Amino acid sequence: MIFNIIFFSLLAIIILAAAIYAVVQKDLLYAVIATGVISLVLSIYFFIMQAPDVALTEAAIGIALTTIIFVITIRNTSRREDEIPVNKEPDREEETK
Amino acid sequence: MKRAFILLLLVVVGWVLADTFSQINFGESRMGDIKQQETVGAYYLNNTVEKLSVANVVTAIVVNYRGFDTLGEVTVLFLAASGLASILYRRKKRGEHDVMILKNSSQLLQTGAKLIFPAILVLGAYVFIHGHLTPGGGFQGGAIIASGFLLMFMAYKDYHVSHNVLTWVESVAGILFVSVGIWGLISGATFLENVLGTGTLNDLISGGVIPLIYIAVGFKVAAELTGVLETLLNFKTEK
Amino acid sequence: MDPILYNKIISVGVYGSAIGLILIGLYAVLVKKHLTKIVIGLSIIDAGVHLLFIAVGFIKGGTAPIFSEKGIELVNQGTAMVDPVPQALVLTAIVIGFGVTAVALSLVIRLYRHHHTARIDHIKSLKW
Amino acid sequence: MNNIVLIILILLAGGVLSFLLNQIKPLLSGVTAFVATVAAAVLFFTGTGTADNFDFVLGGMHLSMGINGYSWIFGALILGFSSLVLLYSISYMKGRDRLGYFYLNFMLSIMAMMGIIFSRDFISLFIFWEIMTWSSFLIVVYQGLSEGRVGIKYMIFSAVGGYSMLLAIVFMKAQMGTVLISDLVSHFSGFAIQQQTMVGILLLITFGVKAAVMPLHVWAPRAYSDSPMSYTSVFSGLLSKMGIFGMGIVLISVFANSSTFGTNTFYISNVLAWLGAITGVMATFYAVIQTDAKKLLAYSSIGQLGYIVMGLAVGTKLSVMAALFLAVVHTIFKGTLFLVVGAVERQTGTTDMTKLGALIRKMPWTFLAALISIIALAGIPPLAGFVGKWMFYESLIVSDHYFLVIMAFLSSTAAFLYCYRFLFGIFLGQEEKEFENVKEAPATMVIPMVLMAALLFVFGVFPGLLFDPIAKGMEVLGMGTVDWSMTVLSNGWGDHVDTMSIISAIGTIFILAFIYLALWNRKRTRYVTTKDIHTSGEIPTENENLTYAVDFYKPFERAIEPVMKRTMDFYYNHLGEGLESFFNFLRRFYTGNGQTYALYVIVFLVILILFSKQIFL
Amino acid sequence: MVISPVHYIALPLLAAFLMPLLAKVNRELVRIIPGVVLTYLLFVSVVLMQRVTETGQPIIETLAGWQAPWGINLVFSQFTGFLVSLMVFMATLIWIFSYRFKKVDNEPALKYYILFMMLVTGSVGVVLTGDIFNMFVFMEITAIASYSLTSFYRDRDGAEAGFKYLLIGSLASTFMLLAILLLYTQVGTLNMAMIAERMHTVPVGMKVTILILFLTGLGIEAEMFPLNGWAPDAYSQAPSPVGATFAALVVKAGVYSLIRVIFTLFDIQGAYQYLIIMGIITLIIAEFAAMKQTNLKRMLAYSSIGQMGFVLIAFGIGTKEAVFGALFLMFNHAIIKSLLFMSGSFFVYNSTSKDIKGLSGIGKKFPYMGFLFSIGAFAIVGLPPFSGFWSKLYILIAAADESMLALVAIILLVSIVEIVYYFRVVAKLYFGKPTDKEVVHKPTFGGYFSMTVLAVVILLVGFYPDIITGFIHRAADTLLDKGAYISNVLSVGH
């Protein structure tokens, strides 16, 4: 029982800490990895709450795929949240029709 | 100031959520007698084995009881892939090729990827073929396969999955899903109805059309997720 | 240990982390300026909601709703099974969430290309 | 098929057909419209009587159309007058683009007006009322002046009017369950006093807007002058009469049956009478200071409508009779005058009275029509205007409305000023070089004008021709029988004025004077141009016009300046601007920042949560 | 195979999955297939509506062989059937309009038609389904298709509008999920009929919380103030046929879901007042904001929001006549706003800028388009004899019957504002000084056709509303008869 309590509180602490880290971290890559951690803990949660199907889904989609599309996005945009905007005017109008 | 205001708002939201969920006791069964009325969850647990011969009740719900949801869900993925492709569409200049944004990775990763890739594919296939028996199913299997492809994308700069193949797999799997549903209609039953014999519990070939649908879903999800990755990876912003 | 207290602690842990995730995610959505951060916030909210679903369906001492040989055995012994419906719903919700995230990120890329910035307070050419 | 439906269908078909035919040949467009209106008129005058009813159920509501003595007056006026105007239009509008559009809307307005007078319930009245509004709006903006601002202003006021009627309608429907006008008349006494007042005021606002009563008149001058002249004559002559038509029903039939207080003491009527009087005076003042003939006529119209409203609001037998008589006559003379201005505009290209002059020789027939109409307007015997005014003053005096009489006299007197200016500025005075080659308007334009002028003469000599239908109409309105005779005006003191004797006397003088001027005095006139004037030895520069046409009433303007300083227009504009900046402020809610929108969502949620007890329980 | 409501979902999905393959056979097929499917669905609508009208009973289709509370079911009643038929009708016309609307590459064209068809399917599904979670799924289908279509042109503003829409839409789906979860814990079922049946057992506090979550989530879809920040952007930046689709289908689905939740699921009287209050605020703010717009499509968008506010007011009054009026208004709004978007789009397409100023005199070059736009403008402000008048009249009468004269007065005052901004555009279109720009983009034949059909419908309904009122009356009765809904759905198979 004590073990369970410790385990659950550990999970709660990790997941909340990861979430807070993901929100406050200025380097988006780390933030994204923190969201991966959230998904990981989430799938552990799912697993111990007798939802193996969901745990599996969360593991595959949340940890691997979501993280990677975030990473790709960051590669395509800017990595740091507090990045000074490039001193460029926005495009005037549509580029392709 | 604004931040404090937002925090205040969030406190209210959190308080309401906490208050609400404190009324929903954790870990208690809500299935038996919600005011002497049987919930659908209990019904599913009591009837799945008997009526569908499917071991995994979640699969039974996802594919059969609420199969319509799953059809919608597959459609959502399909739409997300289409929408993504449409948003990131770029008219290619003459002679331009897709360029991956990832760099070539180390020899180690490449070799490892080459070794693991088939294993991942097999695992994914296993997961969705056994969806009605064990945890897992079409989505999970599809996602696993897609992550296998992701590994290959990361390992090899020039690794491409043919769009043609993806399209074919995606479409055929989708058509299969809908056709199974329409099969039910044509054979005089309802849409998506389990028109095949259900077999015996815990056999690989049991549960009627459920494995069939899950295999279709698996292929479709795999193809769509891979397609999403491929599209995203091939989109390069000029820096 | 008192089982009621135990249950309370566990429920605070699970519900707490779920609601905490929702609130943290909302905070990111409402305060953070970077588009990617906002999308991260959305996916954190999603995670919290999914956790709530599973937590609500959970039954203390229940087993996974799978009638494998072992499962049947356990059921015959009188063990309850957790509610499968929320699990099925979450399965759907996760996939939908992924779809939305993918579209969102593609829009982020598009916006960055046009505006050369990913700060949401700089992206307001449509207003009033 | 029912004649009422047939008339409306003929007019509608005429409009659509002329729209289509314009694609083939523009001329056909006008001809079709004319023919259709004449056909409808023939049908109306020959075959339509009170027996023609048309009841139907539309959209779950019981609607009814028909005709009675009161509406017959207006129906006859509409179809007769618009046939003539359409004949005039054929030449007047020649060569303009989008004629199909013009005639379609023209015919729609006529159809709508016929629909209004046929309506026996408020729903169909409202439907036709709004059709009339938007079709006239489309013609107001037709010439593309002032970027449609005038049209919008017109539309705003019409919408205020239309929607107050709608409000009254839904109220009636909720209260009585039907929307028949006769039901309102019989149920009105059953309403509480607030309800009576509300329904009364709402309906009067509706009709007041069209009749351009004082605080609601600001759309009228520009809207009248911005439309093509052939339509303006309809606008001022007929559309505004629809307001009078409705007011007649409300003020007389409906209010008379309010048991709480009789017609004469119902204060709304008194207020309205005063508003009419003020409208009359103010509009006349404005008319005097105008230099544009169109605007002059527009203001004059408003002023005349003020009289008519006053007459209706006073509500005695004689005053109502006078008002209705004036309404008919006003249509004819003001219509004619607008047509005259239209002819002048078409021939010379301008309606600015400071530029025009001496067209009497170029356009004699037009002048004749203008002269007769102006005399009628001024209320000089032997023309119809005199009869109306006579009855009008008499009724006011008899019913002890002395202040109103003073106001009416004031504005009538002032009306002489603009009458003179109009005649002088356009037709008399010195000749301008640039108008040397002006010719008389084509016959199709002259004939309607002259015909109507002749009509004025006939009605002046035989007012009984008009008294007959008017008396019948007043009976329908519930005023009891009204005595009249063909050529004799009776008054409250029992005196009788034989129009024949007045007319023969004045007619003789007039003819003699005319002969004298035309034959003997002709040779003694000397033709000079506007520049041929010597002022204290200074020779005026080339482009300085020093005739009476310029600054004609400068002293008068100075005298009435304090009254003119603040126009209603000014307040309305300020109101509009204020509202617009308020709107601009409100839409700042949509900041453009997606995050703010997300914040709104959460704020909304929190507000709902915090006030959930108040809102939901 | 008997014609049944599931065709509305199954066939478009089948076609959507087929289309990528067919694109490899012939490019043109991609553009044609949706039309074929939609036309077939129109036929289905006619058949089913006939059946429903004849029997007076809803068609309840169980799916996957599981009867009402256990499986998902589709309910094609006179109410949902009416909405669905309207949606399919509009979608068909919009397809005809958008056929070769603009020249786009083949690949985006494929995506466009897939997304468009799914937008239609999603909206139809929301209306048809009898299961609350399934409704959520269809809503997400609609939403994702909308996000993608909003930014279909991949231009700067399109992406921005799409992202805003997505941001708010995600919040909406979060709240809706939470509400569904709470509802499930309370009543143990997801079937709407059964939820409605068991709703009285839910404690009041919980009930209100769930309702609030639903109202927030669905209010976003229904463009309720202040949740509608995304709407003007999305409407104005989406391709015009999509803008028309939003107005004609997507919002209707949102309003439907809101109404279904309030009228059928919950039994809280305060919700009706809430609808009236929010409707008034939405109406006022939106119309006032529309007044000052310089961009034509944005103006139409705000006007659309305002109309939805009006619809909500009417539903909030809650009497039979008011609901009838509200449904009538939904019908009118779908048709009229589509016409306005379609004709307006050609003006915008051909003008130098997207501003209303740039439209000056363009009606001279496109007299017919101008004519259609004017019909639309007149109809939407509720001038007789166009169709918009009748719905307005019915709603006002219903409000007056409940002696809400102040409400009537407010609506009428706001209508004046509406008149001002619409007529300003009409006046400008026809009588402004024309710009010298050449006419570049003539409407396609399909464009002419669909707009003409819409205009004819407007005039037809305007002149003779009884051709449609019968259906709407029965639809209103069906919506208000909650007991019949529950017993009909739950009795299937028992």
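A few points about this structure:
Per-chain residue numbering starts at 1, and chain names A, B, C, D and E are given in the order in which the chains are listed.
As a convention for this text, contacts are C-beta pairs under 8 Å (C-beta built on N, C-alpha and C of every residue); 3 or more make two chains touch, one makes a residue touch a chain.
For clarity, every value in this text was computed on a predicted model and none was experimentally measured.
Think of each touching pair as a link: the shortest run of links from chain C to chain D has 1 of them. Should one ask which of A-B and D-E has more C-beta pairs in contact, the pair is D-E. Compared with chain E, the chain whose C-alpha mean position is the greatest distance off is D. Here E is the chain whose Cα centre lies closest to the centre of all protein Cα atoms. Put simply, the chain farthest from chain A by mean CA position is D.
Distance from the chain B centre to the chain E centre is 30 Å, each centre being the mean of its Cα atoms.
Chain A and chain E have Cα centroids separated by 35 Å. Once the centre of each chain is set as its mean CA position, chain B and chain D turn out to be 73 Å apart. Taken residue by residue, chain B touches two or more other chains at 6, 9-10, 13, 16-17, 24, 30-31, 39-41, 44, 56, 58, 66, 69, 72-73, 76, 79-80, 83-84, 87, 91, 135, 139, 228, 232, 235, 237, whereas all remaining positions touch fewer.
Residue positions 587, 590, 594-595, 598-599, 602-603, 605, 609 of chain D each touch two or more of the other chains.
Residue numbers of chain A whose C-beta contacts span two or more other chains: 51-54, 57, 61, 65, 69, 72-73, 76-77, 90-91, 95-96.
Every residue of chain D that touches chain C in the complex is listed here, in rising order: 587-588, 590-595, 598-599, 602.
Only residues 7, 10-11, 14-16, 19-20, 22-23, 26-27, 30-31, 52, 55-60, 62, 64-69, 71-72, 80-81, 83-88, 91-92, 94-96, 98-100, 102-103, 105-107, 109-110, 112-113 of chain C touch chain B when the two sit together in their complex. On the chain D side of its complex with chain E, the touching residues are 57-60, 98, 123, 126-128, 130-131, 133-134, 137-138, 141-144, 147-148, 151-152, 155-156, 159-160, 163-164, 166-167, 170-171, 173-174, 580, 582-584, 586-587, 589-590, 594-598, 600-605, 608-609, 612-613, 615-617. Looking at the complex, you find that chain E touches chain B at residues 1-2, 4, 6, 9-10, 13-14, 16-21, 24, 61-66, 69-72, 105, 107-108, 111-112, 114-115, 118, 121, 125, 129, 131, 133-134, 137-138, 140-141, 144-145, 147-149, 151-152, 154, 159, 162, 178, 182, 185-191, 198, 201, 203, 206, 209.
Every residue of chain B that touches chain D in the complex is listed here, in rising order: 6, 9-10, 12-13, 16.
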